[in-house]
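First the structure, in the form of structure tokens, and then the observations on it.
Chain nomenclature is as follows: A, B, C and D, assigned in order of appearance, with residue numbering initiated at 1 for each chain independently.
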Amino acid sequence: MRRATAFAVAVVATFAPVVLPAATGAGVACAATTPHAGLVIDTGSRTLELCVELDAARVSGLHLVELAGDQYGLQYGFGLGGQGMCRLDGTGPTGDDCFADYPDFWGFWKGDGSGAWTWAPTGPASSTVGNGELDGWVWGAGDTGNTHAKPPAVSIDAVCPPEASPTPAPQPSATHAPSPTPEPSPDLAGSPSAGPDPRSSATSVPPPTAAPSADASRSPESTQASRSPVATGSRITTTSPVPTAARSTAVLAEAPNDGEGGNGPNRSLAFALTLATIFALGGWFRLRANRRAPEP
Amino acid sequence: MTPPALRYDGVSFTYPDADRPALDAVDATIDDGSFALVVGPTGAGKSTFLRAANGLVPHFTGGVFSGRVHVDGRDTLASAPRKLAGVVAFVPQDPAASFVLDRVEDELAYGMENLGVDPAHMRRRVEEMLDLLDLAELRERSVRTLSGGERQRVAIAAAMAAGPRILVLDEPTSQLDPQGAEHVMAALQRLVHDHAMTVVLAEHRLERVAGWVDVAFGVDEGRVFTGDPAAVIHRLAVGPPVARLGRLVGWDPVPLTVRDARTAARAHANPVANGHASLGQTSGEVIVAANALEAKHAQRRVLRAIDLQLRQGEIVALMGRNGAGKTTLLRTLAGVHDVARGSVIVDGHAPQPGVDVALCPQESDAVLFSETVEDEVRATLAARGNAHGAVSPWLERLGIVALARQHPRDLSAGQRLLVATAAIAATGAPVLFLDEPTRGLDPDSKEHLARFLRSHTADGGVVMFATHDVELAAAVATRAVMLAGGEIIADGSPADVLGDSHVFAPQMTRVFGPGWLTPEQVAEALT
Amino acid sequence: MTSTGVASQTRRLGFHPGAWICWSTCAGIVAFVTTDPVYLLLLWAVAWFVYASHRSAGATAASFRIFVLAGVLALIVRVALVFLGTVNAANVAFAAREGLRLATILVVFGTFNAVTDPFAVVRLAPRRFHEPALAAALALSIAPRTVASVQTVREAQRLRGINVSPLRSLPALAVPVLERGMEDALTLAESMDARGHGGGRRTRYRPQPFTPAAATIAASAALAAGTFLSASFGGWAELHPASLARPEADPLLLVAIAVLAVPGMLKGERA
Amino acid sequence: MSAATIAPVASTRAPRLRIAALIVVNLLGAMAFLWPFALPALLDVTGNEEHRIDGPWILLILLVSLGTLLFLELGRGGLGPKAVALIGVLGAAMVALRLPGFVAGFSAMFIVVLVAGNAFGPSFGFLLGAVGTFASGLFVGGLGPWLPFQMVAIGWVGAGAGMLPRDGSWPVRIGALAAYGFVIGYAYGAVLNLWSWPFVAGSSAIGWDSAAGGIANLRHYVTFYAATSFAWDTFRAVGNAALVIVVGKPLLASLDRAARKMRLHVAEPITRQGA
């Protein structure tokens, strides 16, 4: 009987983390300030320069793209388990494997706002961008910052004019069809998260090693580091961003899904929780009843 | 005109790899509706004779076969055993090993399923069998959970369900206690009398079956002769104690039952003075002492308040029905079963299994693993740190020197028991326990065993054996202990203890009264 | 036929094993096509409910607990493997969801094992597989005898002064057990032959009927699996939400999982 | 008739056809295990990116092909009472050894399959391995999608043991069997991991990558195996070899004797009409 109770508690407990962020996330969404960051995308055929309104002081590189999707209808697709950049503005692989078109892939650059770009030391899921900074994405070949093409040199002021309005109009001469619902992550189905694949570790999701822009030595070094399970650097950087990243992503992921302000998912999660509780308790009572009167 | 149930015409059969025929020009006819007994010494060909009835010999065994067996008019050579399943049913010696399915009910139906019997008919048949053999209560039980007698009845019902006219059983009572055996024999008789079945059974323990059957087939060295049970038993020099007495003192016909023997005794002579003096209480040193001993098995108390002392020089028979706690008592005294309360002292300390106490288990084959008999004994010596000890004295004492180089598994059951006993006795332990040493034992092996037990005690050891075989107890024991419900209910000389019991009284006691145990005693007194 | 009330290990209660096979396959498919923890955890609750309602009297009832443990272990292993490679929140979350999926499949089959009687499963074998199925059933029913035989031999050897624990002495244990098994096999083969094994076309004694209740179970399970498969192929609902996104749940799919609890709402029947 | 070859599985089909069928179904089974390596190559031929198949879905395809293998192998029928009884008894030994006799990857269950397969031949070995595994799975409540994989893998262990020399001297026979037991200790683990590998390892340097070539996947798998299973399986390899060395000879001798006693080699009785 005690086991049954424990089980019921466990079921409820496992659902709790799923529901809780919904409650806490609301606070994050209502951040007072309206910081902006720039997003520069070079598909090879055209360049987009977007001024994106942030919903927190700092957001992840991925989330910046999501925000751009919301604000400008940018089409995108994440992969490698939802943490790599596969597809932007119609360019790049559709599946989960963002290196399907290797040697071409989306190179990730960080801009300090002055127009200079550095090869991003970490993947877009763990790299963050804040007010006045820039993220750059360039489609092409080259495993390191030395070989991969850089985004055009633009300053933050060029992308986000100081008097930028809170509801920016799409800057690029948008030839793409703005889709109201961004495809969240097209195919996460079976396969799997990015790991130390020799190609993937070199670039988009490199382990956050100490030297941020030691371009020349990136590739081999990161491959080595990723094989070692106790790369201390990776632990430190992963643990801290989890709550914020997870929360903010979660909150915004629901927004386009539900125009009514997030009630729908909450309602269905509550429904799930109710069902689970009913079955858990029902099972517990059944077991107790069967024990008491073993067999008819 | 119905054909005879079984007819053997000049049947000879030799097993593959054998140099001697197991059956040699056998002619025999078993009439419809008879209750036939097949007797003979171990290895004489009884099993082969029975297995020829449904074609297991030669279809299952291979080998060289000549002659013809007709069962219910059908030639066994022309039909494989499976084709005869609806005609003749066969129940092997160990029913527990013969069960195919798990539930009693399913087991009964298995044969009919194979024969493609219509499900509705099958259902009716199963119900009939359950009633006929008094198994309705057990229908949903797992066959594993049944007692020996219940298993035997389930095996009979399962063999019979397909509706054969002939039932062949190989030693159906050898593993049962007297009550269980009685129950099975009564069921078989009902089949013969009320249901016109023909029953053929082989049995060692003639005292259990001789009174029930109406015809006997003696098998000796592959030859078969027939006659009424008394004549056959007389000729084979086998038989229950009353028959042995009859032969010893020259009664004709040889009595087969206690009742016959009483009649004969009245007609011929009356025994002299009441019994013979019971053996004096041995006054050797106490080697094994149990004080207020209690033991449990699966939470249940199986032994309670046992006070028992075994002295040097004693041969103790431990008797009691199945489940009385005999095996548990032996195991507890030997130090392999936990003592719940009280104490066991062997030679001044707790028993050390394999050192000062040795036990030959019920399934004595369980100890045999070597490739030759002498290796088997040597393995024990080596385990006792005496790898170069002499093997031959042990073989000599059990009369198995001639078998030293043979593979133990090639020997007969009786010989294997002697080998196991030698291997166990070679521990040199003064205290020797044997759990039911007489299963499947032919008279010759029994004699060797008895002689060994006496020599062991003469050397200062002590022996206790659990047995259902009252006749063995009567013959070798110097003391008998009766267990019931985990308690000792009688302890004394065999004459007193056995004479006092209805169930366990040996036949001599039943005929001549308390005090008389073995035919030899009585014969001596009569002459 | 009235029951005798005799306690038995093999009482046939519950539904046709075919219904259970269908249920577990369908529930397995549901777990198979999604990595959304909401669906998966709800499936755990449903499996628990079904198990609690129909756990069998036999020893296999314990397998639910064992499979839950195994599932948790699989989850841990799956997540631990991430630490061989790049570690970050998304990676860990993704691995946890995949691990949860594997764990859920384990729990579903744990439920199946816990609610069915092994012999009933074997009885289900089609006629073509009668012989292997019979051999499997025999193995099941003989196994306790083999275990007992091992204990007997071990003790017998000990009482003769041979300790079978060291590897060296293993033949003293293994050979007598095997020899006895071979004798049993001989008896068994004879008995089967004498009772008409392989004689021709077989019939079946009291096959467990596929009752309306069993059909209900099978149909409802198929419905649930069908709904999920259509979501998977049709793409009308998200079954693999982004690793770090808050999981979502489609009400229709939640209902589909709830439908898998139907066996728990039906009363077990005697066959 | 060679005394060592018994054919408890009497088939009515022509032997050549039967052997061909056997090879085909076993190849099918091998494919079921090896698809992670073969598949990318197959996809390369089509060159169609859209046809990239999701790992887990292939499990279903595998189950179907293994099911077919088992269906054909076990459904051949005509085993007869002797083979069924022997498989029942030896399967019971496997069941009995499944739970108590395991240390890490080692299970004492294997000794039964090794020895009996060797004594009674490949066909019997396969049946015993498959049926015994099924029964032990039922007994411990271990039914699931992995069962067909285990059945086929252990069936192959038995079949392989049956192909080892049987007529040589004891040291040769035991030596061969012990070496075989050692090798299959690893091979079984390696083969069985394959079914869950694409699930468990994810796509990483040790995971299955549908886009990578067979060789690259093989390299991934070797890394995965070394990291997760090698030490575990060493127990099995060493345990198998040690058991064969210690009890192999007496058990084989027992089984050989049993085969004689049960007249497994004797198909037809010789009848002599005289008298």
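In the analysis below, a residue touches a chain if its C-beta (ideal position, glycine included) is under 8 Å from a C-beta of that chain, and two chains touch if they have at least 3 such contacts.
This one's a predicted model, so the numbers in the text were calculated from it and none came from an experiment.
Compare each chain's C-alpha centroid with the centroid of every protein C-alpha atom shown, and the nearest one belongs to C. Across B-D and B-C, it is B-C that has more C-beta pairs touching.
With respect to chain B, maximal separation of chain centres occurs for A (centres as means of Cα atoms).
Centroids of chain B and chain C (each the mean of its C-alpha atoms) stand 43 Å apart. Rounded to a whole number, the gap between the C-alpha centres of chain A and chain B is 80 angstrom. Looking at chain B, one finds that residues 59-60, 369, 409 touch two or more other chains. Shared interface positions of chain A, defined as residues touching 2 or more other chains, are 81, 189-190, 192-196, 226-227.
For chain D, residues that reach two or more other chains under the stated contact definition are 56, 82, 199, 202, 204-206, 250, 257. On the side of chain C, the complex with chain A involves touching residues 11, 13, 35, 37-38, 41-42, 44-46, 48-53, 55, 57, 82-95, 98, 238-251, 254, 257-258, 261, 264.
Within the complex, the chain D residues that touch chain B are 82, 250, 253, 257, 260, 263, 266-275.
Remark: chain D residues 56, 74-75, 77-96, 127, 130-132, 134-136, 138-145, 196, 199-202, 204-206, 227-228, 242-243, 246-247, 250-251, 254-255, 257-258, 261-262 touch chain C in the complex. Taken together, the chain B residues at the contact with chain C in this complex read 51, 54, 56, 59-60, 80-83, 85-86, 88-90, 92-94, 96-103, 105-106, 109-119, 122-123, 126, 136-145, 158-159, 162, 331, 334, 336, 353-355, 357-361, 363, 365-369, 379-380, 383-384, 409, 423-424, 427. The touching residues of chain B, when paired with chain D in their complex, are 9-10, 12, 16-17, 25, 58-67, 77, 369, 371, 407, 409.
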